[in-house]
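As written, the chains take the letters A, B, C, D, E and F, and residue 1 is the first residue of each chain.
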Amino acid sequence: MSFLRTLIPFDIAAGLTVTGRYFGKVFFSANRKKVRTRIKHFTQEYPEVPVNLQPRFRGRLTLLKDEQGEIKCVCCLACEKICPTQVITIEKGKKEGRKMPFPVQYDFEMERCIFCEFCVESCGFDSIILNHQFELAAYNREDFSIGMEGLGQNMFEPSPVGKYSVAED
Amino acid sequence: MEHLLVTIGRDMFAIFGVLALCGGIFMVAAKSAVHSVLGFLFTMLCVAGCFLSLDAEFLGMAQILVYAGGIVVLFLFVVMLVELSKYKEKGVFQLQTRSAVVAVVIGAAVFIGVFRNLLFGVASSEALVLRPELAQGLNVAQQNAQAVSRGLFSDYLLPFEILSVILLVALVGAVVLAKRERV
Amino acid sequence: MTEPIDPQAPAMPEAPTGPYVYDYMAAPNRQVVLPKTVPLPSLRTYQAEVVTAAAADEAKWQKQLADFEVAKAKAEVEGKDAPKPPVRAVPRKDDNDLKTPWPTEAKDADLLKLQELLGDKVEEIFEQAGERVCQVKKEAVLEALKVCRDAASLKYEMLADQSATHYPAAKDFAFSIVYHLTSVSRCQRLRLRILVPEGFIPESACSLYPSANWMEREIYDMLGIRFANHPDMTRILCPEDWEGFPLRKEYPTVGLGQRDIDFRDDRGGVLNRLAMEKAGQMGINLKQPKAD
Amino acid sequence: MPTMNLTQTMVMGLIQVVAVLILIFVMVPLLTFAERKVIGYIQVRLGATRTAGGHVGITGALNRGMWAMGKVPMLSILRGLPVFVADILKLILKEDIIPAKAERSVFTLAPIISVLAAFGVFSAIAFYPGALFTFPARFPIVGGLPFMGFISDVNVGVLYILALSSVGVYGIVLGAWASNSKYPLLGGLRSAAQIISYEVPLTLSLLTPVLLAGSLNFKDLSVRLSTGADMHWLAIFPLFVGFFVYTTCGFAETNRTPFDLPEAETELVAGFHTEYSGMKFGFFYLAEYTNMIVVSCFASAFFLGGYYLLPFGLQRFIPASVPFLGQPSILFFFLKVFTILFAFLWVRATVPRYRYDQLMDVGWKYLLPLTLVNLFAAALIRFAF
Amino acid sequence: MFKNEEMEINLGPQHPSTHGVLRVKLHLDGETVTKCTPIIGYLHRGVEKICENQTYFQGQVWTDRMDYVASISNNLGWAEGVEKLFGIEVPRRAKYIRTMLTEQNRLASHLLWLATHALDIGAMTVFLYAFREREYLLDLFEAFCGARLTTTAFRIGGLREDLPPGFIKSAQAFQDRFLPCIDEYEELLTENRIWKKRTVGVAKLNAEDCIALGVTGPVLRAAGVPYDIRKAFPNAAYAEMDFEIPTRPEADTYARYLVRLAEMRQSHRIIQQCIEGLPEGPVMAKIPKILRSEVNEVYHPIEAPKGELGYYFVGEKGGTMPYRMHVRAPSFVNLQALSKMTEGRLLADVIAAIGTLDVVLGEIDR
Amino acid sequence: MVNLNTVLLISSLLFAIGIAGVLIRRNALVILMSIELMLNAANLNFIAFARHSGSVSGQAFALLVMGFAAAEVAVGLALVVALYRKRDTVQVDDINLLKG
């Protein structure tokens, strides 16, 4: 029996069975017409089929505004201090009709950011979040320097960087 | 056009032969040993072509199989291994090249002098022509391989057996010679 | 490049001389603050500290008492109300306080056995945070390791880790080298420690523990401690020609050994100069780093 | 067959050569596409579904429109089909780099040898034993002449094919040597040793059908084997073993997994063609896939029944009077070829690769004795019964 | 090549099978390796120096980038080491969640190892199958902490947040589908004759050599030594878990493959226990906002997927940053054994040996 | 049709090239190849005469010669390899000592 097993490659046949089974399954389910039918292949056609991100996903840093459209940040500098890579630079300032300090400048150097969410954690005023944006590619280094205002560097815009991603257009 | 094609078909042997000569000259004259091997390969293929045009199909194929498939690859193998070292050849040709060339030329002259009459004599073109009807004997029922094997296994069985013994001896000898001494 | 200067050429902004180099010497990370203290955990130092702290506390209390006496006397003289008697401060405790693991007297059998075997070559044994520490004389480290490995009741077969720490503020030593030994069969761990001054060459542990090979190379690479009888004492992580030893405290986080690599094949600097000119035309000042 | 004058012969030969070339140049890219797809499906992914720039231009607009409607654009199996055009374009348009230290002439010669050896084999392969169709009389030169299923009917066709495929190794070895680099050299040495040693069992396993049918002509051999004319029924066993050995050796000859040691990418980066790029690399690629097709044609013709439906000479059980199944057809031939090509891809996706010494062991210690025994058995069957 | 002429060949730093920027200098005699020297340092980023200039909170993000395929194990080592340094007691629920995530990460790491090792040896389909399961795990990590690879999962004193809603359910779904997948890998590889030929008896390293060279993890266990830090020095909630240490006596590549597969089954078991016995309660201990250390030194090893991962801290009095931080990276120590494993063997065995050691260059070079 | 003397001329020229190679080259490998060339020239003659006489004996002999050539190459290359290993050269000029 063992001689027979050596002579006839049962082991390789077992492997071929596994792969052949998958081939059959995927072959008959992949050549479908509708998008939303039950599929057997694991990969997704990414730009067309949207990615399901988890609620806690850590994307790009964004400043939040309250109901009046005011920036919530009060320049406590906690995020600037806790950041392990020192990507946040805040300049304190005053604004008419506001008691708390107001960030005149809030610079975010995204090329060094490691998306650890320590800044959000340290913020006592819930004024920043990491949003769900993950297509963060651009051709120029300057595009990664995000600020509150400036040419194409607005932090409140939906996608200041990642303008070359496929899903956007 | 037709005339040209006919000429090419008729002189196939000469074409292959001249190409083989060119390959041989390239082989002897090439500086790099790999180029020599390439020339050798080309010569062998052309000789196989000559065999084919002499109605020896089986032998032509055997020529390619044995030479191109085995011997030249072995040569190439050894040449590649040997050329790995940084050893540079001092010169391609030997010191006695001139005398060798003189000897070859003299030998060729003697050869031609002796066989001149036979080869280029008046009657030679008649006597030595390869008559097409004789090719049938080589090509028993379109099977040259059968004809050759008949000859090989009936008339020349003893040389064939001796050859197999010699091959075995050569095999053992080559293994013994090339085996590395384990220190 | 010796081209004839064309007088009609448009006036170009002057190209910066030399390649674009970040001025590391002026970088904020370049400034090194050397530590003032020697954070070397040690039972003896701790006990001395405790005694000193108690004495200081006592002295403070005595001073407060004396002050009170003086004040009381003064108040009595002046006829005012007597000041409140001082209350001895009790350290405040709450839930958020950490239960810092202090060094304690060695009670473990392994440590005692080790002291028994090595005698006066042991400088100190203690336990802290549940870990055994044995500090031996720096010349006797190989002997101590041999005892640890071979003694029947110890049998620390594996050198799990070896590393060193730089103490620039210490007086009679500069580095501590620690050996973390593991007994695979007994599931025990032990830390062996030696203190070496600058320039001292301790014995390599390679002959006893082959695993020390790369670890000692790393220590040499990072802190510059050479080991005697090491098979291959070369740098391991940094390049061969690296300057300085990065994990020493006087080594800045930015600056030393940092180099600008020009990946383009530009030996004559022509491409670089052209790029500079182009940048000058576009009004980009490459000199100013964006981070500042 | 009407007699042809010389010009007609030449023109017909030219037409048939061009037809075979077209066949190769269509089949090889399709094979690479099939490789992507098949291995993709086996690995629970989709394989190639788009070419570069699938989001711009007309096709892009079409695709996006269909996605927007909730439909997968076109049949998903066909969506990646332009990839094979893109592949060829990429290979042709890519910069052709010759390393500075390489031996220029040999470096250029090597891929040409590979491709010529691979293509030359087709001149003796018969895709169909007779005429496929006849040219209508209105064509100027070739009118009334039959378009045969083969280029030439060589008497020693099998030998010819074996001889030419043994020349193919020079492309690999010379390319490896001329690159003047270490990984290619190792790959080339491995390849030379591998191909020489596997040629022995390959040739011997082919001798089994030759012995059983008694011919060296590709067409005759195939027809005799599949119809089982004057063959004992026991001959199916040596044929089956021969098929097994031949396919295994074919995998080794074409450097496919599990014998892809000359180009084992995890050991030798890319083996003998590490330094090649552009169309020179494309030639090697072409030669490898062409060789795959050749091996499939051989196995299909000699073991799987060739132009007839049933393999291993079982065709004798279907009488020739049965309308479609009993008759030879080029469809059956290509069906078998495609099956074996699929097996190539399937095996590639499944098994790991041998080590070099184990590869030699398999060749010399297992396959060679097996074929010898098999050959002996075939001879016994041929002459005893 | 004939006359003791050895070919010197560089495997890497850019090579398909060196798993990163490992460079191995090989002296070849034909196909036989006569000398093998791993050369490392191409990915050296000075993590230890950086961590000396970052607070204990911030330092954790650098551990993600060391062993990037098992970042949660690294996070666990850092967090537990710092907790040991400060004497912080972590709530039980946090310990359970940590254990569960670490085991899931071990699964992810072993799956990646299986994938790349099989690909090195030539089986390309296992790669995709293993990545499919790893994808589920990465989704779980993303659900828990928002990132898939560089997780920064734990905090000193516990966890940042409790498990997200639905996490247990999806983890259980993964549990249910995972065991048949392992069977599938086994069907493709375990009995396969080529796989066995390539791995049985290859890159042997017996127990004495393992211990002398400091090799830990599955490589040591495949040599028959049942040494597992989860059992020997239990951390997190491993003391309450019921699992076995798989060992094999053969000490070759095939044994390591079997040991790792068995470990995956054990991890599966531990995760199941964590899911079932997950206690209620807080997930964060009460700790001050700013941690100020006393003079102390701590060496805390944990069982990472690759072996013993140790964090060595030296604390300064009143310091918010470690005075000295050192990582005992398992791959760094294990890689020393490469030359012993491969010398005298064939070139293809070097590939198998690199694969079976399961090295990650981010951890070796730090 | 081909004349026999064409064949003889070409084969004698091939033979001459082979002799020249043996005599003037110093690389032992090239010398070995030249010997092969001479054998092939002889083969050509065999086949030509077989064709001329219409008998297969010449072809059979050519086949035998091919086998001998293969044996000779095997031994010759083994010698060259052994020589290279001993003396680190394949140049015949350098092999002027009796003792290796």
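The definition used in the following text is that contacts are C-beta pairs under 8 Å (C-beta built on N, C-alpha and C of every residue); 3 or more make two chains touch, one makes a residue touch a chain.
For clarity, every value in this text was computed on a predicted model and none was experimentally measured.
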**Message:** Return the chains shared as contacts by chain A and chain D, ordered by label.
**Reply:** E
**Prompt:** Is the number of contacting C-beta pairs greater for A-E or for B-F?
**Reply:** B-F
**Message:** Going by C-alpha centres, which chain would you call the most central?
**Reply:** E
**Fill in**
Per the C-alpha means, the centres of chain A and chain F lie apart by a whole-Å value of 73
**Asked** What is the distance in Å between the mean C-alpha positions of chain B and chain D?
**Response** 31
**Prompt:** Cα centroid separation between chain B and chain E, in whole Å?
**Reply:** 63
**Prompt:** How far is the middle of chain B from the middle of chain C, if each middle is the mean of its Cα atoms, in Å?
**Reply:** 78
**Request:** Spell out, as numbers or ranges, the residues of chain F touching 2 or more other chains.
**Result:** 81, 84-85, 88
**Message:** Going by the contact rule already set, what residues in chain E reach two or more other chains?
**Reply:** 2, 7, 125, 132, 188-189, 192, 194
**Prompt:** By residue number and range, which residues of chain B touch two or more other chains?
**Reply:** 58, 62, 70, 81-82, 84-85, 180
**Asked** Across the complex, what residues on chain B touch chain F?
**Response** 10-11, 13-14, 17-18, 20-21, 24-25, 27-28, 33, 36-37, 40, 43-44, 47, 50-51, 53-56, 58-59, 62-63, 66-67, 70-71, 74-75, 78-79, 81-82, 85, 87, 89-97, 100-101, 103-104, 107-108, 111, 119-120, 124-125, 128-132, 134-138, 147-148, 150-152, 155-156, 159-160, 163-164, 166-167, 169-171, 173-178, 180
**Of all residues in chain C, those that touch chain E in their complex** = 35, 37, 39-41, 45-46, 95-102, 128-131, 133, 157-161, 163, 165-166, 178, 180, 182, 184, 187, 189, 191, 209-211, 213-215, 218, 222, 235-239, 246-247, 251, 253
**chain D contact footprint on chain B (complex, rising order)** = 1-2, 5-6, 9, 32, 34-35, 38, 41, 45, 57-58, 61-62, 64-65, 68-70, 72-73, 76-77, 80-81, 84, 142-145
**Complete:** Within the complex, chain E is touched by chain A residues 9, 11-12, 14-15, 17-19, 42, 53-58, 82-84, 114-118, 121, 130
**Message:** Under the stated contact criterion, what part of chain A meets chain D in this complex?
**Reply:** 12, 15-16, 18-20, 22-23, 26-27, 30-36, 40-43, 45, 47-48, 166, 169
